[in-house]
Structures are given as structure tokens and as C-alpha cells.
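A single structure is presented below for examination.
Naming follows writing order (A, B, C and D), and every chain is counted from residue 1.
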Amino acid sequence: MTASKSARPQAPAMSIDEFNAFMDEVFPAAGHQAGGRRMVVEAMGYGSCTVRLVFSEKQVRPGGTISGPTMMGLSDFAIYVAVLSAVGKVPLALTTNLNINFLKAPAPRDMIARCRLIKVGKRLCVGEAELTSDGDDEMVAHATATYSIPPDRGGRPQGLSPPV
Amino acid sequence: MTASKSARPQAPAMSIDEFNAFMDEVFPAAGHQAGGRRMVVEAMGYGSCTVRLVFSEKQVRPGGTISGPTMMGLSDFAIYVAVLSAVGKVPLALTTNLNINFLKAPAPRDMIARCRLIKVGKRLCVGEAELTSDGDDEMVAHATATYSIPPDRGGRPQGLSPPV
Amino acid sequence: MTASKSARPQAPAMSIDEFNAFMDEVFPAAGHQAGGRRMVVEAMGYGSCTVRLVFSEKQVRPGGTISGPTMMGLSDFAIYVAVLSAVGKVPLALTTNLNINFLKAPAPRDMIARCRLIKVGKRLCVGEAELTSDGDDEMVAHATATYSIPPDRGGRPQGLSPPV
Amino acid sequence: MTASKSARPQAPAMSIDEFNAFMDEVFPAAGHQAGGRRMVVEAMGYGSCTVRLVFSEKQVRPGGTISGPTMMGLSDFAIYVAVLSAVGKVPLALTTNLNINFLKAPAPRDMIARCRLIKVGKRLCVGEAELTSDGDDEMVAHATATYSIPPDRGGRPQGLSPPV
């Protein structure tokens, strides 16, 4: 009797609360602004997540749109969250490559990044992020990024669909 | 009375038969091998498609895997099919950028590319392709590509979800 | 009598002072920090430039290194400068794609971006940026980016090496 | 007394003849066509090379230009040559990411790829390739690619500018 590989999805390596506590420990200054977190993890699965970027006037460019670097930062962070959801607390997971396509001008409001890993390897993880303006289905940007995982990161299992 | 933008999905700009006839007209030598087409369009929607790369020993690399350039060529072709499914018969749609992440070694058998456009603009279309080995769900490669659409390409409407 | 295409290099479309004045007009808040500009254009040619990112503790990540989004923002800005040096004052030149490879951890000091355009087209410009830590020759990151030029941008000539 | 890091450039890990013999051993069928090699290594330094793609009618697209996949294959091969020139005979160096910008239509003649590595790491090497039509200085395409180096590849030293 065999089960399909996706029959029992694996649990994420940590909860959102554990992720937030880990962030505050290793990047104490990052990701916060007056009034709370600037990038909020709203959902987390094994190798997937949803992150909300809280709108701030600072991100705005002439024409009322949000800047490219803001979207690059959101993509990079969200894919990092997805990596940690699969491999656990690895502070020194490093981005080695990021590619982003800007598709349409985002509205001046919260932005949502939906991520999933498309590879979970021993040495490299690859993820993609779809960015939308909150309340709109059309993608404003699409990014892929590769993270390098240090060799001595501990014993967490690899693979997108590990044997159940 | 309004309909949601996605209520009535738009039909593709052409059928698979029309696409094949167009290919044979503008690229008569390309995409064929002894015994038939090398890359077979199996499904086509508005801005989406599935393309099968028929396995050939020529594509094999030591270790029994399929070469990177073969996967790049499949990605490029499949995203071109998706572009034409949205904008119609535009022979001079040109790739301006292609980014590909190689995720795992493909098996020595047919390869499937599933594509969708993530932007359909007047001047640029952007698509992504997920490549798998036939019969296996895990992605072997993921590509995004941008196509430039010549200005005088005719009157086909743009937009991923045009008003019904 | 003919001259080689590179015999008489074309002058940039504006001076550094004109560029700075243009930035302050269209992006009044951007690029400044307490004490002056955050990104300083140090040299500008036709389709090329050198930009210095003034170090700030805000950019630092644990381990004393500078964050990925900081490097992405510098690359994006520097290639924008190079685009404007070739096509003139086009505020709505928009990044459509950016690809960056992170090569080594940058030191916690000023970062230098050296850029050149590798295509100057009517609709698209493509540039590359090499990022180094100030005083060190080894690249810390390498980026390429594509900018879309709006159709009605005025009459500036195109081409990397226009006829003299 | 110290020497500057670039004072004594390192020799390549193999000669062109050794590279060709290695190719014929591990990829016996690849890279050849009637009449000789299809991709000819013309120069090789430590982490750099020049590769000529011999023109063939098979590469041509309507309009007399050379196909995108042909240019992707040339870029991938040439950067692989540069990787081996630095790390030695590593048949299983694998491309993990390739990004290419197509800049202008290439002429129907030989194409030249000039490559250099921009990172030589223990686990990852990153290179860039500039493609031109033979006899023309303007770039027709620009690619960057990352290669993964297997852990047990032997004892060749790393670094773009190792201590002399």
C-alpha cells in the first residue's frame, strides 16, 4: 500500500510566532516601523508563505506607485520566510540570485507576496514570489530567488515532498 | 449589471491547429524531427499552454539527463506559444530576456512545459514555464521570459482579463 | 572619409549637476539622508556612470554586512542614471526586469556601482552594474536591468555608438 | 614585502588541448558537427575564455538571424569553459541559473562569446558572457550563469585572485 507523495503535507519547520521571535533575535532592527512590523507573515506552510507589506508613504514614487526596491525587498524577505519554513532557523541563509519582473504599477496600498519554494536542496533552495496589491488579483511583480544554505545548518530533512 | 473580470475567460487567439499551421508557414524547418514534431502543443488557453518535448537520445547528457540548452529551448518555445495564444499571429515577437533556474536532473523521457502569461501588455508580454519530466510532479526547471511585441502587430486586444 | 564608430565618443545627455537637479525636481524625497545625498553620482558618460552609496548603519545586517535590498536599490538607481545619461530626462523610464547575483559579503563601508548600458533602443535600454566595496577590486554583486522607455519621450537619438 | 593580488595572474587549470580532450572523453557526441567542432575554444585564461560558434544554416531563423536557443547554448557552454579553466576537470559542474538579455538580432555568421568568471567559490561559480557577431563590436546578447561545484571535486584552489 503506497501513499501519494503529496498525501500528507509536511508541517512547516516553525510557527509564525517562532519565526517572529527568531527575526527579533537575529535582526532586531529590521522589518519594524513606527506602529509595528513593516512586513507581516500572515500564513506559513512547509515551503510556502504569505507576507503583507504594510503601506507607508515612504515607499511611494511620483505617480502614486510603490518603488521597485520596495518590491525587491519584499520578494527577498518573503522567499527567505519560505526557506526558513522548510529548513528551519538558518540565519545565514544567503540570497545568491534574485530575478524580478515588474508587471504593472502597484497601487499605493498594502502589497501581498505569496511564495512557494520550487526546490529544497541540501545546499540551495529556490523560491518564487507573486506580488499583488491588496484586494486586486493581478500580479504587479514576479520574482524568483535562490538561497544558499550553509553546510552546518543542522539536521532538518530536505525535499519538497519527503516520504511520509 | 457588471460581471467580474474573470467571469467569462477569454478564448485563445487561435486553435492548436491554427498555431501549427502558422509555425509550418513561418518556421518551416523548426520543431520537427524524423517522425513528427519535436515540440507538441497539447493544450492552449488564452495566455496559457502545455507543450510536450518528445524525448530524443540527442538531448541526453552523461548521467542520462537532458541538457540545459534543451530545457532553455523548450521554455522559450512554450512561452512563445502562450504569447501567441494571447496576442495572435505575431511572427516577430522576440525574446528580450529569459531567466531559468535548473532544479533537478530531468529523467531521460518526454518533458512537459506548463506555461502561463503573467503580463500581456501592448509592448511586452511576460510568461513563466514550469518544466517536469513526464509522469512526475516535481519541477525540473522554472523559467520566466519577456517577449517584445512589435508596434504594428494588428488590433488584438491586450490584458490578462479584458472586459467581457 | 570615414571615422570608426568609437572614434568620437558621444557626450552624455546631461551633466551630473543637471541630473541632480532633475532628481530633486521629480523625486524630491528620494536619495537623501541627513547630511546629504545617499547615492552620489561621481562620474557620468554617455551610457555609463559611477555611483557611490554612502554607508549608513541602517544598511547593516548581522555579521556586519550590507543587506541585499540595499544592493538591489543601488543597482537599480545606478542603471537608471546610465539610462538617463543616454536618453535624457525621462522620469517615467521604468524597470521591467532586474537580475542580480550576490557574489561575496560586502564590507560595512561605502559601496561603488560602475554601470554601462549594453543596449540603447527606442523602447528598451539594458544596463549592467558591478558593485564593489570602496577600496576593494573584487565584485560583491553584479546586476543587469532592463528599462522601458515611454514612446513619447522626445527626440534624443538612440544607439550605443551613433554615427559621428 | 607584499605583492598586489593581481600582480601575478594565475595560470588556467588546463590548456585548450586538455579541455578538448576532456570534452571528447565525457561528452563524446556533443559540440561536434560535420567538419569539426561546432563550438571552438579560441582562448583560455584563469576564469576566462573566448569561444567561437561556427555558423550553420541550422541555427538560422526567418529574417536571417540566429535563434535564441543557439545563443543560450553558446552562453552556457562558454561559461562552463570558464568555470573549468578555474576549477579544473569537473564534469558534473551543473548550471543552476542562467539569465540572458537579447540585445540585437545577430548576423548570420560566426558568433563569439567572451567570458569571465565574476565569482569562484567553493560551491558556486558565477560567470558572464558577452556575445557578438564575428567582426562586429556591438553585443547581441549578454548572459550570466551560476554553476554548482560538487563537494568532492578535488583540491583545486578557489578565488578570483588567490595569493601569489
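Just a few scattered comments:
Throughout what follows, a residue touches a chain if its C-beta (ideal position, glycine included) is under 8 Å from a C-beta of that chain, and two chains touch if they have at least 3 such contacts.
Here the structure is a predicted model, which is why all the values come from computation and not from measurement.
More C-beta pairs in contact connect the chains of B-D than those of the other pair, out of B-C and B-D. Relative to chain A, the most remote chain by averaged C-alpha coordinates is D. The geometric centre of chain B is 27 Å away from that of chain D, both derived from CA atoms. Remark: chain B and chain C have CA centroids separated by 33 Å (rounded to whole angstrom). Chain contacts: chain A has residues 96-97, 99, 101, 146 touching two or more partner chains. Across the interface of their complex, chain D is touched by residues 96-97, 99, 123-124, 146, 148 of chain A. Those residues of chain C lying in contact with chain D across their complex are 5-6, 99, 101, 103-104, 118-119, 126, 128, 130, 137-139, 142, 144, 146, 160-161.
Those residues of chain D whose C-beta lies close enough to touch chain B in the complex are 26-27, 29-30, 58, 61-63, 67-69, 72-73, 76, 91-92, 94-102.
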